[in-house]
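Order as written gives the chain letters A, B, C and D; numbering starts at 1 within each chain.
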Amino acid sequence: MQFTSLILSNVEVSPGYWRMRMTAPPECAASRPGQFVMVRVNGAIDPLLRRPFGIFDVGTYIPAQSGGQSQPYLEMLYRVVGKGTSMLSTLHGSDLLDVLGPLGRGFDQGSPDEEKLIVGGGVGLAPLYLLAKELATKSKVRLFAGGRTRDDILCITEFERLGVECYTATEDGSLGEQGLVTEALLRRLDHIQGRAAIYACGPHGMLNAVAGIAAERGISCQVSLEGYMACGVGACLGCVAPGHSHSPDTPDFRCVCTEGPVFESGELKWGE
Amino acid sequence: MQFTSLILSNVEVSPGYWRMRMTAPPECAASRPGQFVMVRVNGAIDPLLRRPFGIFDVGTYIPAQSGGQSQPYLEMLYRVVGKGTSMLSTLHGSDLLDVLGPLGRGFDQGSPDEEKLIVGGGVGLAPLYLLAKELATKSKVRLFAGGRTRDDILCITEFERLGVECYTATEDGSLGEQGLVTEALLRRLDHIQGRAAIYACGPHGMLNAVAGIAAERGISCQVSLEGYMACGVGACLGCVAPGHSHSPDTPDFRCVCTEGPVFESGELKWGE
Amino acid sequence: MKSAMKPDMSVNLAGMQLRNPVITASGTFGYGEEFAEYVDMESIGAFITKGLSLNARAGNPTPRIVETPGGMLNAIGLQNVGIDAFIAKKVPYFRTVNTPAIANFFGNTVDEYAEMARRLNEIPEVSALEINISCPNVKQGGIVFGTDPDCAASVVSACRAVTGKPLIVKLSPNVTDVVAMARACENAGADALSLINTLIGMAIDLNKRRPILANITGGFSGPAIKPVALRMVWQVAKAVKVPVIGIGGIMNAVDALEFMLAGASAVQIGTASFINPGAAQKIAEDMEAWLVANGIDDIKSMIGALES
Amino acid sequence: MKSAMKPDMSVNLAGMQLRNPVITASGTFGYGEEFAEYVDMESIGAFITKGLSLNARAGNPTPRIVETPGGMLNAIGLQNVGIDAFIAKKVPYFRTVNTPAIANFFGNTVDEYAEMARRLNEIPEVSALEINISCPNVKQGGIVFGTDPDCAASVVSACRAVTGKPLIVKLSPNVTDVVAMARACENAGADALSLINTLIGMAIDLNKRRPILANITGGFSGPAIKPVALRMVWQVAKAVKVPVIGIGGIMNAVDALEFMLAGASAVQIGTASFINPGAAQKIAEDMEAWLVANGIDDIKSMIGALES
């Protein structure tokens, strides 16, 4: 779906991280956690390509004034890293955005009797909030949030409000325990008696480690990947990632925008 | 001079015509009427080139609040015609602009005992207000303002406040007399006893007609030209206009941005 | 001004009657079906498949794409399903839309090109063939077919010999003399010429001190290349008798109409479909609206109508 | 990180010692003096004059310039004051600045090129010559010198014979094989190669149904062309022994450093000076700041340091 969205708010929630709420057509309420949108930052040719962002949240807003006509909205949580995201951060309420989405394959809920272990690195948390919202209605959910410094640990309050138990770790020790969040994940896994399932999004190194842990322990694991995207609809073949049987001689590429961005970690080829 | 300017206001003064006031360094107070600035619409590469605009007015602004520190400003009057000017019209107070100027050669005052006849077509009025301000302190000044419709007749009140007598003409007769403003000019010229001098800015056809009238009657005439400008500083040689002795075999090109934009009409080559 | 009238948007391209001159470019529109949600397939003149080869190709490692000022580079590496899977999985969709499908293809030898043309010729759902000659000739030290008139002519002749379908040859812009290439292809039997394919470009990551694309160089497309494309279309259209299809940086109806003034009988929409998946339909609609607003009753009157 | 230290920004270009690798490109910096208000001339490595010819040239009719997506076209028509007025009116300024002046020049025949080289060779204030070979050879049916290796080599040899000053040859990008052109010029005696000159482009005014430029086509420059320029610099720098000067769409220090990684020993700033007359100085300063921030003590270590 392609639609024009009115920005409702755009606020910096942590240094360099912004949360944007914008109007959306009613169909967006059915977005699967892990799906994404492609946003055209402005109508000029600089930047030229749309930018992909996970769907952080969807909801319905009832304006206090103005007759109370309800308005579906969509939220993104984004980090300013380059030209496109810094332009996004200068937009204001009532500016318009051209949006394509929801796109891609989101997370699979799995079965309710598993303990849900959500692992997010930095802005990788973005698509995990909507996931936690869904999972927390049926299962015990724990969040493992990692980052370089405390500025990279986002929206923990929101997760806690869902009843999610949160573990945080930062590389510099400025928030939570010092080190990688996978250590807390491992400790938790050692204690789990029943079944568990991992859902992860974050830097490739973190996903690699999480996929390794899941494989070793035979736990189901879904990861949300990034890829350099031009189209978001499976046409440019720019965004591909190597599938598990990939090798230079027997190439096996998966299309991140249509077959993903969420994959079973076992579907993919991981490094060491 | 290159400087960063803070937009103080940007308002539509007539459908499609905007007046922007922006801060300027003190040196700009000495801008000659007819000089121009080159404005970079934004920091992206679309649009790539700066856009040239005449200096409509300069002054000093004393904020009512905030300690009353005085602030020199510069004004432009511009018409939305394409990409750059439509982006300009979306800017707000407190946005920043990158400005180069004042550039070029402005109008020559001439001698005070001449009757000053200022002829402007549409947004061609832009550089003539500062001129009228200067001339009106010493001489009798008359303004002949023409346009297609009444929307193209700009800022007459401002000129009248200077004590300038204003004649207006529109092609569709929606304001002032119907027809070309050169007719009113011709009638005035028939009545003038003493010396007169013409100062004109507007579409090329109008300047051509005015230059013809001036030549025929032996009246001094300065015109302000436009040219497609890339640099504004005499380096690209894009903006040139044919000088009076120009022919394909003996080319004679004048650099509009440095030798102009104001020329004695006799310096230039005119069509028929 | 006859502003109430509906203008004739149809063009004839090498024997194909297209409802309008807007075609989606190879590699930017999948196999058609990917865009069904965004484009009414019967609102455009034709669509062109991703470049096809005898065997499936997996393409290059990533990164495969990078944005550049006003454009993008791609080094997809001609990833495609191969002719057999194409017939089995992609062609059935073509039957469901009443719009000509054009198959873009390539090979690494003259024989491979001819074999592909022969195979594609047998598919009734394929209305025309577009030869991508911007590929290296593995038998001749890797010289790119599309940069040498003799090489290109031999590919075109070999394909011509095995197909009666309209044969479009897609020219590379990475040449000194695009007119010489165009004439060679015309003489070898091309029914139409499409241009331009991508320029060759490169982007570097300063901090990593590495090329951004895994393939080092890539094909340069998008609005940035439009001035080069327009110039080449104008040069070629003056020099050949067969129709020319204009490609390169077309983002809107004004761009498309400019290519037609320069001599193009039709246009292809490439990178624009990434930015706006509905671009091709919108461009066709806006072109018609422009004709209406300007009282022009036949789009064909725009072809080559540049005054200069 | 040795961030307190001032890095060595100097480069040696064909025997000239430049204080830094930033040079202003021909046709975009007048004769130097035009920019004195905006650029401290002693903050840049060298400056290059507008292209010079034996006789003054008035250039093309207007419009001569048009903006395109991310770039611009120019068809100035090589307007210049001619060699005599150059010596009388422009050279005196060169004495006042302690920065090498490089004279860019062209001709319509091999003899004219050689005569220009001879005349320029006699001017002590001119530190080096840059040959613009993107001009038509009037004696050979208008074929552009810079698109034929033999033509180019004959120009370079003829100039080489009459000057001992550093001889830079500026390559045209409008060729199939820029490496072949580079090698031909190197073998003919070039001390350095600069690239790229402008691509050839065209723009059309739909409503007027006319080309926008009076000259119909024009030279395409600016950020849009950077990917093509970077690719060609990388190709040529790998293939030749003489130093290469990178040109094309350089807007900032990051762009400039990317060209150096690709193999350029120095860079030229063209269109950027129109958008920001102080661009060259700012780029030189920012390059130095980047080296400091990255603990690099010698800019020369960046030349060709691309890992691939």
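Annotations for the structure displayed:
Keep this in mind: a residue touches a chain if its C-beta (ideal position, glycine included) is under 8 Å from a C-beta of that chain, and two chains touch if they have at least 3 such contacts.
This structure is a prediction, so every number in the text was calculated from the model and none was measured.
Setting subunit A aside and leaving every other chain in place, the chains that still touch stay joined as one piece.
Each step here moves to a touching chain, and the least such steps from subunit B to subunit C number 1. Farthest chain from subunit A, judged by C-alpha centroids: B. Averaging C-alpha coordinates per chain places the centre of subunit C 34 Å away from that of subunit D. Centroid to centroid, with C-alpha atoms defining each point, subunit A and subunit B lie 54 Å apart.
For subunit A, the set of residues touching two or more other chains reads 45-46. Those residues of subunit D in touch with two or more other chains are numbered 69-71, 222-224, 251. Arrangement of the chains shown, judged by which pairs touch: all-to-all, with no pair of chains left without contact. Chain contact summary for the complex, subunit A toward subunit C: residues 1-2, 40, 45-50, 98, 100, 227-231, 233-241, 251-253.
Here subunit C touches subunit D in the complex through residues 68-71, 73, 147, 174-177, 199-204, 206, 208-211, 216-217, 220, 223-228, 230-231, 234, 249, 251, 254, 257-258, 261-262, 305-308, going by the rule given at the top. For subunit D in complex with subunit B, the touching residues are 27-30, 34-35, 37-38, 50, 58-59, 62-67, 69-72, 74, 76, 79, 222-224, 251, 271, 273-278. Within the complex formed with subunit D, the subunit A residues making contact are 45-46. The residues of subunit C lying in touch with subunit B in their complex are 69-70.
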